[in-house]
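Right, one structure below, let's go through it.
By written order: A, B, C, D and E. Residues from 1 in each chain.
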Amino acid sequence: MKSFGRTVLAVLLAGAAVFAWALPASLRAAPVEYNVAGLADYSGPYADVMPLISDGRKAVFTWWNKEVGAKLGVQLNFKEFDTRYDTAQTASLWPGVLADLKPIMIMGLGGPDVAALRQRLPDDKVPLLMSTAAYGFAWQPETWFFNPRPTYAHEAVAFAEWYRGQKGAKTLKVAVISSEASPAYIDIAKGIEKYASMNPTVEVVETVYTAVQPTDLSSQIRRVVRKGAEALLIQTNTAVVVASKRGLEAAGQGGIPLMMSSHNGLAASGKALGGLEQLEGSFEVYGIASPADTSGSAYKFYEMLRNDFGVKAPWNILAIQGTEQALYSVRAVEQAVKKVGAANLTGSAVREGLYAGKIPSEATFGFLPDLTFTREGPFPVRGLTANITTVKGGKYTLAAANVPVPVVEKW
Amino acid sequence: MTDFLIYLIEGALIGQVYALIAMGFVVIYRASKVFNFAQGELVVLGGYLVWWMVLGSGLPAWVGIPLAFALAALTGIVIERIFFSRLVGESLFSMVMVTVGLLVLLRGVFLVIWGAHVRPFPMIVPMRPLILGELFISRSLLIGGAVTVVAAVGLSWFFNRTTAGLRMTAVAEDHQIAMSLGISVKRSVAFAWMLGAVLSTVGAIVFLNGKSLSFLASDIGFAALPVAMLAGLESIGGLILAGLVVGIAQGMAAAYLDPLLGGGVSTVLPFVVMILILFFRPNGLFGWKLIERV
Amino acid sequence: MLELNNVEAIYSEVILVLKGISLHVPEGGCVALLGSNGAGKSTTLKCISGLIRPEDGAVTGGNITFLGKRIDALPAEAVVRRGLVHVMEGRKVLEHMTTQQNLMVGGHMHRDAARRRQNLERVYALMPPLANLRQRTAGYLSGGEQQMLVIGRALMAEPTMMLIDEPSLGLAPMLVEEIYAILAELRAHGLTLLLVEQNTRAALEIADHGYVMENGRIVMEGSAAQLKSNEDIREFYLGLDQSGERKSYRDIKHYKRRKRWLG
Amino acid sequence: MAMLPSGVFAVRYAQDRALLRTRPQWVSLALFMLLLALLPHLVTPRLLAIANLMLVTAIVVVGLQITLGYAGQVNLGQSAFMGVGAYAAGVLSTKWSLPFLVTIPLGGVAAALFGFVFGLSAVRIKGFYLALTTIAAQFIFHFAVLNLPVSWLGGSNGISMHPARLGGIEFSTDVSIYYLFLVSCTLMVAGAFGMMRSRTGRAFIAVRDDDVAAGMTGIPVVRTKAMAFLVGAFYAGIGGGLYAYYIRFISVDQFNLFNSVWYLGMIIVGGTGSIVGALLGTFLIRAFQEVVTSIGPLLAELVPWLGGDIVFASMNILLGGLIAFFVIVEPDGLMHRWNILKASYRLWPFRY
Amino acid sequence: MTLAATTTAPGTAPPVLGAEHMTLRFGGVTALHDVSLDVRADETLAVIGPNGAGKTSLLNVFSGFYHPQQGRCFFTGTEITGKPTHEIAQMGVARTFQGTHIFAGMTVLDNILVGRHFHMRTTIPQSFLYFPWAHREELRHREVVEDIIDLLEIESIRSALVGALGYGLRKRVDLARALAMEPRVLLMDEPMAGMNTEEKEDLARFILDIREARHIPVVLVEHDMSVVMDLADRVAVFDFGRKIAEGTPQQIQRNPAVINAYLGASA
């Protein structure tokens, strides 16, 4: 039980630290303080990337408090909670967070957070803001959770349409590599299939369901190649990207591009393959700033955070996700302050703030496109764009910026 | 027809990979009667060790791989020292339950040492397929299949013919009797984990070759389970046949049922096949029959 | 050869089963340990062979020496290597292995294959029925065959002393004779025996000395002849009445004379 | 109940059979229940939420204890059985608008039937083989939910639910949920005590200890084993249904194999074959999980040089180590230690 | 000599349990070969023979654990061949076991109560609620059990865990459990094995009591010839799966085939 002793000590130390930190805060006067809760995964499947995401989130709040909040008379205190990416854990944490912190909004991390809280939030009146793309099954009106991006399926078909245009073809044949390991993956595949069924421009030759762990996909890949697939859409995880790539190589079809998303993108998959150059000609697509773009306003803002606000995370997709999430959140707070005043901020007010009007791309320093949230769904249903990044000549480069996201019917 | 042949051959070969993974599991059972829930973690351990010795340290494969085997064996012994040496004589249930704890614990250890990110696994065996007319056969799977057969034959011989093997068989029969015969159950359990860890490393090489590695790859442990059950927990030779049955069934399902039904039939099918066959042969195809006396 | 000095043993940290056992087995001798069920006879054997520890038991007092060396702290396998084997009660064969495999396991500590072969042939010569059952699965042998097998298996270790627990349990009269004939032959070849047996008559035929245990204590000891003539032993263990005639089970009265040990 | 302070003798059979036989035992139980009843007013919302989760888990784990600890049938599909209960309750309440007083028991029944089917394989399959066929339950449950028509079980969409309602009360706050769960849990635990000390429980133990002898004593062995699965799965189903009304959104990934492994861990820590042990194990493991979740981020903040990822990864080591530690030090679980303590207390001041 | 003998001569009542031309094989081994045997309502029938002669197999067939390939078994006029063990047990065939097949994790009391299992009616839902039917039934059966505890003199260990008891007491609990079933025939498989003379005397006394007070016919598989000779009214001798002799103890003792196959020269 030595570990228990250590645990007790740690708890005591932590308590003391929190106390010491809270004391001077209460002595300070001016701005009205509000709390923001961050859901994090430090001991589950995303533990490795969590510090990078968290870094971006924290820095934005510090920056905003200093640069914007001070003027508005608002200070946002950001605090993270570990959910282990587990629904039950989020559910047991949240009531405590709600009572102790009385947050005006939550930074969510992923699907389990939405699952655990989606039915509670309308009662608790706190909006949950995500950084990830949305899902078809959560596409409902009047939600309390929000994604600054369309669904993964939207992002995928945006790529398909763009790539078809590049090839100058009438129809693009794609194969979807999905998995039943998570309902979310099936949802993505269904969205893409739905779009293909209504638009002759994209044809899904087959949706391959596979394990999300290293596995041998060569026969499946060979089959979809023979069916004429011109691109493989993979939005599951990096292990599947690697397996698909090896499958393509085994079929002698190394030239067929893969398309990935933000969580299994070129950088991560390249690392898993042992070299980015192996993904030459493949793409990643998402509706947020591309890390390949080091000349835009997003990168400048990031440099500023790194220089002045102690961001340690390198310029990559995860830091972008954390930053992007925090940025549109604080903009929503600003819109809410405009409506109800600095002293009257509540969760509902922040939600109304999101609905209050367009958050232009400039406001998020190009991290996000123009966002106009409506009550139709958890994400801006219209007018979104996506960025497409590729590997060209062994270099990570932006292939296309602000590609329009087509209209996908609900599925 | 060619397609069918390819699916058949590939399914059979993938089945042998499962059999190899299951072998690590059966070996531990066969030499200690401990049913190892953490088998998937052992495979991941092997994978990390190979990665570490080959890609991580930059050693050539012919140096790095033997080193990885040695380290795996060492880890096996350490596991026995820490977790099992004090449990000899306790109920078998306790020993099996320790492996449940081990499952969670090893995962944490991997996270601490190697982190959670996905990394490349070295290409030990060439990936280029073997082309026979219209047949494409994965060279790594072919080599993996050969390794499986050789290992199975060798270990069967070891357990049934050699004195050391018989000693372990005795431990798998009954710890108390083994002890009364002057057999060190501790040493047998230690050897079991050593052998299990090394076999899992072989399995990792065949299974992960040229692909990617993260702590989540341990799912393979459960995927290989139906093969072990079908063979019968005591049978090493039986793994080959069980691997063929499961692999081919899964391959056929992936090729013909999945596209038809639009879902992952191929992932549940091995379990369904397992239950059906166990119903007719409750100790697997070649497992020890329960001798009931009244 | 074997010496137990005031040995105490407990199970599960609380249940005291042996309360100071002292006994002595001379080299080449045959000692019988008698007593009712639950008296602690099997536990005594397990204390000697070290098999008590895996059963959540422990020797908590006294000492056990074998050939002049302490063995009470040794693990079971080390005790066997010193030439002391324990044949447990209940015919514990390795069920799924063949007769021959069972025997080979018994001699596993000898590296020399030729020597193992030789021992094997010796066992088959001593117990001819086993020779015909070489490839049979041990779990399917009959009770008598299994009892021979476990004795044969113990012999494969080339022991100098054998602890044997209830060899006649559940065996037909003819087989009991056969087994005891084998034990007698082993004795004649110089094997020291410590025998736990309910079949007092058979045990006292072969043994030259005996101890009687009750409730974890030794309550009586003496040479086989002394014990055979003791009134209590005659009545309670041999089932004879005062005149030396066998009592009939039909005549048992519903009140009983209880044992009165002076030990 | 074999361990009683000396000097306590039963005069009537009824008294001898009672679970609690001394006044201090009654008083402590009463105090404990009072404490539980007042809990929402004594603790923070976070602790209350943890208590809610513990109560649901306790029901599921007591069910597993019945199957595993009493009837000796290792079950690795408890989480799937829980899922079946949750889905059944979810479908019945959303599609058929049935009140929760009906849907929860029906959820239990649905799970019980699913468990019964796997229990039936005990006709032929024994021991570890049986244990591992229950892993298949997990895979089949997952597959079925995702591949059946979406209109049946919601497929990958999951099911959103309305809060439970009884008369005018809506169970949407943590406090009201707590009382709902407390009553349910008390009922289920009391029921488990009832079953386990009547002929049902004796039949389970008989089948566990010696199924051949049990058969020849007139106990239908196969049916009893299947019943053990049925009862255990029923508990899981009730727990699942309550959980569904708590989260109010059900998706298939909330009921995974890892949860089943954790339930097993709870039994290991508490000790097999004891209902109190199951409760104790649930409490300890859940509490430990929550402590880990709570102090992890703090520790990472306070000891930055350790690096966040190491702190969090080592939490897994602690959790896994806890299970292994308990098995190694106390292979029979905490209840066993408690019984030894009681036994030596009775013998005090003598050691034996 | 015995009380039973003074009323009517034993072995004249109709058979309760019987086998007709029964053959049982396992793989290549024939465990029972064309065996016919009757057990009458008022007798103690001893079955003797070398190890592996098929005695235990015979009991196993009677209790439904083995199913013969040929021939039939009857119990009180009803055919029981092929019925599952628990059904045969519920009809009234109880048995005790070679070695100990006892429920080690339960107390003595609960072990015996298991014998009452099929006499009790409480369903699972009723036991879930426990009160009051289940409770009343428990108490009712408790009284029956206490009678048996008295008979077998195991009052002092009533609430002990069976796993902690010695061999002799376990065998007694085994017998108590069988009696609790209120059987109409009792099959005993080597009850005396592993007991010393004193314990054998106790057990013999209990068997006699059971015959006298409860009038339950007993089938006794036993190696101890003195027990067989003293207790049995009739003896059947088996060798290599065949019944080689049948008769009174005195007849059997003189039968040369029996001496050859089983008793050996010294008996």
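Throughout what follows, a contact is a pair of C-beta atoms (placed from the backbone, for glycine too) under 8 Å apart; a residue touches a chain by one contact, two chains touch by 3 or more.
What you see is a predicted model; the values in this text were computed from it and never measured.
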| item | value |
| --- | --- |
| Touch-network distance, chain B to chain C, counted in steps | 1 |
| Shared interface partners, meaning chains that touch chain C and chain E | B, D |
| Greatest separation from chain B - chain, by CA centre | E |
| Label of the chain whose CA centroid is most distant from the centroid of chain C | A |
| Centre-most chain, if every chain is reduced to its averaged C-alpha atoms | D |
| Between D-E and B-E, the pair joined by more C-beta contacts | D-E |
| Euclidean distance of C-alpha centroids - chain A vs chain C, Å | 73 |
| Whole-Å gap between the CA centroids of chain A and chain D | 36 |
| Inter-centroid spacing, chain D versus chain C (mean Cα positions, whole Å) | 47 |
| Multi-chain contact residues (two or more partners), chain D | 142-143, 146-147, 212-213, 216, 309, 312-313, 315-316, 318, 321 |
| Junction residues of chain A - those touching two or more other chains | 47-48, 180 |
| For chain C, residues contacting two or more additional chains | 15, 140 |
| Chain-chain contacts as defined at top | A-B, A-D, B-C, B-D, B-E, C-D, C-E, D-E |
| Residues of chain D defined as touching chain E within the complex | 1-2, 13-14, 17, 190-191, 193-195, 197-203, 205-206, 208-210, 212-221, 227, 231, 273 |
| Touching residues on chain D, where the partner in the complex is chain C | 340, 343-344, 347, 351-352 |
| Complex contacts: residues of chain C adjacent to chain D | 10, 12-16 |
| Residue numbers on chain A that touch chain D, as the complex places them | 3, 7, 10-11, 13-14, 17-18, 40, 42-43, 47-48, 50-51, 80-84, 87-89, 91-100, 111-112, 115-116, 118-120, 123, 136-137, 180, 182-184, 186-187, 190 |
| List of chain E residues in touch with chain C within their complex | 1-2, 26, 29, 48-53, 98-99, 164-169, 190, 193-201, 204-205, 208, 223, 225-227, 230-231, 262-264, 266-267 |
